[in-house]
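One chain, chain A, appears in both complexes that follow, with chain B as partner in the first and chain C in the second.
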Partner chain A sequence: MADTIQSSPWTDDGIDPGAVLLNVDNISLSFGGVKAISDISFDVCKGEIRAIIGPNGAGKTSMLNVINGFYQPQEGTIMFRGKERRSMKPHQAVGQGIARTFQNVALFKGMSTLDNIMAGRSVMMKRNLFWQLLWHGPALNEEIEHREKVEEIIDFLEIKHIRRTPVGNLPYGLQKRVELGRALAMEPSLLLLDEPMAGMNLEEKEDMSRFVLDVNQQFGTTIALIEHDMGVVMDLSDRVVVLDYGKKIADGTPDEVRNNQDVIDAYLGVPH
Partner chain B sequence: MFYRISGQFKTDYRSDHALFRVRQDAVLMGIILLFAWVIFPFTANEFVFQALLIPVLIYSLAALGLNILTGYAGQLSLGTGAFMGVGAYACYKLVTIFPEMNLLVAIGLSGFFAAAVGVAFGLPSLRIKGFYLAIATLAAQFFLVWLFEKWAWLYNYNASGAIQVPTIDMFGIRVAGPTASSFVQYYFVLFVVTIMTIFAINITRGHIGRTWKAVRDMDIAAELVGINLLRSKLIAFAVSSYIVGVSGALFVFLWRGAAEPNLFDIPLSFRVLFIAIIGGLGSILGNYLGAILIVALPVILNILPEMVGLEINAAVVEHLNIMIIGALIIAVLIIEPHGLARFWAIIREKLIMWPFPH
Partner chain C sequence: MEFLNNVFVAPFQDMAAAPDFFMQVVWEGLVSGVLYALIALGFVLIYKSSRIFNFAQGIMVVFAALTLVGLHEMGVPALLAVPLTLGVMFLLAVAIERVVLRPLVNQPDIILFMATIGITLFLIGFGEMIFGGENKVMITEQLGIPTGSFEFEPFGGFLLIEQKDLTAVVGAGVLVLVLLLFLNRSKMGRAIRALGDDHQAALSVGISLSTIWVLVWFIAGIIALATGIVWGARAGVSFALEVIAYKALPVLMLGGLESVTGAIVGGLAIGVLEKLFEIYWGQPLLGGNTETWFAFVFALIVLLFRPQGLFGEKIIERV
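Moving on to the complex of A and B:
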């Protein structure tokens, strides 16, 4: 099973491992008078796990929203897979290979686990209304072809037993896992995870950490994640960028960040 | 006991994607089809055809169209009656301009007119949602009925302002008009409804149906998995209005025989919406169950006292009828807000378990 996944096309996006996949350059975003992000630059290299951390309200989620096209920054440019872009619609970002999960689970509650993950492959399913009406033939073949891929993901995430359960009935930890599955179904070259461990107990966090590492290593997917659990962040990530009040205050390996005085001040506070 | 599903294994995805994953469901469907295609038409009398069978089928089809839009794609619409009217008037114009045209073709084409109008009124759905969209479709309802009244070309400048179904033959058999037999009309309606239902099942279980449900359940997430919201909603409006338009054409040509503009007014929209809600939003089966409850049950209750030999004043029967149906609707919605289709799903689940409690 792992072999078939390893050779999957989504590891191959024309970027060499270690080269810059995403470059965020001098991005500023404000809502009226509120500056959510001011002048932030960082890069994400192919194949790494990049963490974005910072206290509440630092602009982390806004940053992800800018990257996947949900917000349009007022200033700055984003370079993804060698192409520069200023503004785009979220579904175009998906077309380019950016997938994400949400801080609050955003699954399709009335649909089964299987359907949720299948929905992640909507962009790749091309058979039009006419073939859908007939169902038998090309539409069914396409469905089965994608079902096979989806079953690989279900297998990988160990959610076989809940395949047909409506996701609204699932416990929170499993919902998070299904959401990861849906993002993986898009075969992204960049995966954005917004607090994948929020609200989980230790065991669930360990499971999720293992999946994040496995995705990174087996699929070669580049990951940018936001997380508040410092233990998880320091163990998982290759490089960390720290935001505070919409500004970048540190960038580097976990060890460098851990010993950075600005970071310590941001988290623990400084006497005024 | 009868619904034992153990031992029915799926060994490939093709069989897992079968319409009936459980053999007993297929058998049950076969029995229902046998009743619809053979037993009912050969045992029914004129009254049963005209008051029960044909209207239930036509209302089911209208509810099916609405259910695709509201139940699957999550876009509330109050304009169903008017879209039925578009189908009916389009069909009327087609058969009067091209008298040689096969009625089946004319009805099939008239759906496209309804679909076009539906898409036009569906355009605001990208910006407005829920009740606000319902108000926008209400505008369609009032505008179209007004148009049916004022645009004399639509009813061929009749003095009465109504459309009268001409006598239409198909392959030498009379299918529409005052002299057509109910037997033939029933089969005509059943054929169209069967085809439409098969199409609806196919489209809702495929990837377009999945995009609709995704848009319904969480539109922001749908957009972020790469679904084009506008496109998905407009396809839903088109498919839904097409089916509703076809049902409107059947409504007038194969059942009513004539129609005035106010026939397509808001009470008709509400009736179809009630059928869809009570049957169960997001289900195909529910439309039929809902139509049986809303359309057929009052008729049966009306003739019931007479059949069992009770002598009750007709007005009393009429009022009792309204009270019973009203109470039933409220009871269904309290006991199972997801409609009759969910009722059946629960019964089926219990049957699978039976005689064990868990």
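Moving on to the complex of A and C:
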């Protein structure tokens, strides 16, 4: 099963492994007088798992929102797949291959697991309105193709038993997994995960960590994630960027970051 | 005893005694039911995709009908006036999205509701400025809608069906069918439903908020035009038409705000029931004119037993 996914073109975004996929350059974002992000730069390389960490209110989620177009930064530029931009709308970001999950789970609660993941494929449906309305011919074949892909993802995430359950009824940990499935269905070249393990128990965290690693290794998907669980972050990620009060205070491998005095101060506090 | 007889026995005896008249009453009810259903559909579509209760649906009916008649008065042939009116409704949808909805994204529902009241007031003023405030006659014949009538003699009685009513019912049926296919089968239709479920999630799978909003307001505009033509053909085109929109409120309560099926079934049910009630109970027992309040009372009674309406979504919340 995994072979079929591997052969798919979703890692093929014209960027060589190891090269810069996303480059965030001097981004500043403020809401009225409140500066959420000031002058932050970092990059994400193709094929890596990049963690963004920091205390509450450090601007991590704002950063993700800037990358996928929910927020428009006042200053700075973003380079994605070699194209530079200041701002774009969320649906354009999706079109370019950026998928994401949310801190507080944004799913179509009334729909089943299957339909939710299928919704992730909607961007790729190409047949025209006429065929769609007839529900026949090319449109039907296309639907079947997408359906197969979705079933692969359901297999991969081991959520077969809940494929027909309305997601509003699922426990939180499974909802998070469905949300990951929907993001995967978009075959993104950059996957943004906002606290994928928040509110999970140990077992669920281990499962989720395994899925994140598998996605990264099997599909070659580049991942940027926000996470509070330091154990998870240090195990999973290749490089870590640390934010505090909207500023970048450290950037490097987990070991470098762990020993950085600024990071220790930010997390433990310093006497003033 | 006599009262109970009048309420529970006599009306049904009357129905059985004159089945042709009964059928006539049901038919009349059905025709107004189709109109209620159409208006309710306009509400449902916009509510489903944006959780906005669109107060302006009624005035959109008037505005569409006025534009059609107005264009014809200016010398545009009737069959050309229809696509032109649709064009105007499309421009209206684009303008509403740009000027009203986009700046109010993420505001509380009540703010958007207020904004639709604003749209109502604007359209009243704008419509009067351009087309004048006097009553107009719908260009029924010019549009090729037959105006004769069929007469039947079921059970040796007499049943009259006006051709324009029949056209309205068939036309509305086709419109609804296409709309249902569109909503359930097409990518855009799915996007509309997804957007109603969760804005954030919809945005993150690549659905464009502004495109979908323009689309639903345009569809609401198409429905408004259809409603305007049908209602205008029966009662003339004037700003008083706006009040028929309030007839859609009990339909929405009955059918549920999110349900297309609910709007159709609710509309037809209220149309038929209020006519039957008026003829067999209202006029003999209550002095008539029950049609003004029957629908509301009926909807209230249904709500007592099903707070989400007959077809509304039961909100699933895990606690």
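One rule holds in what follows: the second predicted complex is superposed on the first by the 272 of 272 C-alpha atoms of A that agree within 3 Å, B and C clash if a C-alpha of one lies under 4 Å from a C-alpha of the other, contacts with A are read in each partner's own complex, and residues count from 1 in each chain.
Convention: a residue touches a chain if its C-beta (ideal position, glycine included) is under 8 Å from a C-beta of that chain, and two chains touch if they have at least 3 such contacts.
Only a predicted model underlies this, so the values are computations on that prediction, with no experimental measurement involved.
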{"item": "Room on chain A for both chain B and chain C (clash or fit)", "value": "clash"}
{"item": "Which of chain B and chain C A:P90 touches, first, second, both or neither", "value": "both"}
{"item": "Touching partner for A:P166 - first (chain B), second (chain C), both, neither", "value": "second"}
{"item": "First, second, both or neither for A:R147, with chain B first and chain C second", "value": "first"}
{"item": "Chain B versus chain C as contact partner of A:M186, first or second or both or neither", "value": "both"}
{"item": "Which superposed partner A:A19 touches (first chain B, second chain C, both, neither)", "value": "neither"}
{"item": "Touching partner for A:F102 - first (chain B), second (chain C), both, neither", "value": "both"}
{"item": "Doubly contacted chain A residues - partners chain C and chain B", "value": "68, 70, 89-91, 94-95, 99-100, 102, 106-111, 119-120, 122-123, 125, 129, 132-133, 135, 139, 182, 186"}
{"item": "Of chain A, residues touching chain C in the complex", "value": "68, 70, 89-91, 94-95, 99-100, 102, 106-111, 119-120, 122-123, 125, 129, 132-133, 135, 139, 166, 168-171, 182-183, 186"}
{"item": "Chain B partner contacts - residues on chain A that touch it in the complex", "value": "68, 70, 89-91, 94-95, 99-100, 102, 106-111, 115, 118-120, 122-123, 125, 127, 129, 132-135, 139-140, 142-144, 147-148, 151, 182, 186"}
{"item": "Footprint of chain A on chain C - complex, ascending", "value": "178, 181-182, 185-188, 190-191, 194, 197-198, 200-209, 313, 316-318"}
{"item": "Contact set on chain B toward chain A in their complex", "value": "13-14, 16-17, 199, 202-203, 205-211, 213-214, 216-218, 220-228, 235, 239, 282"}
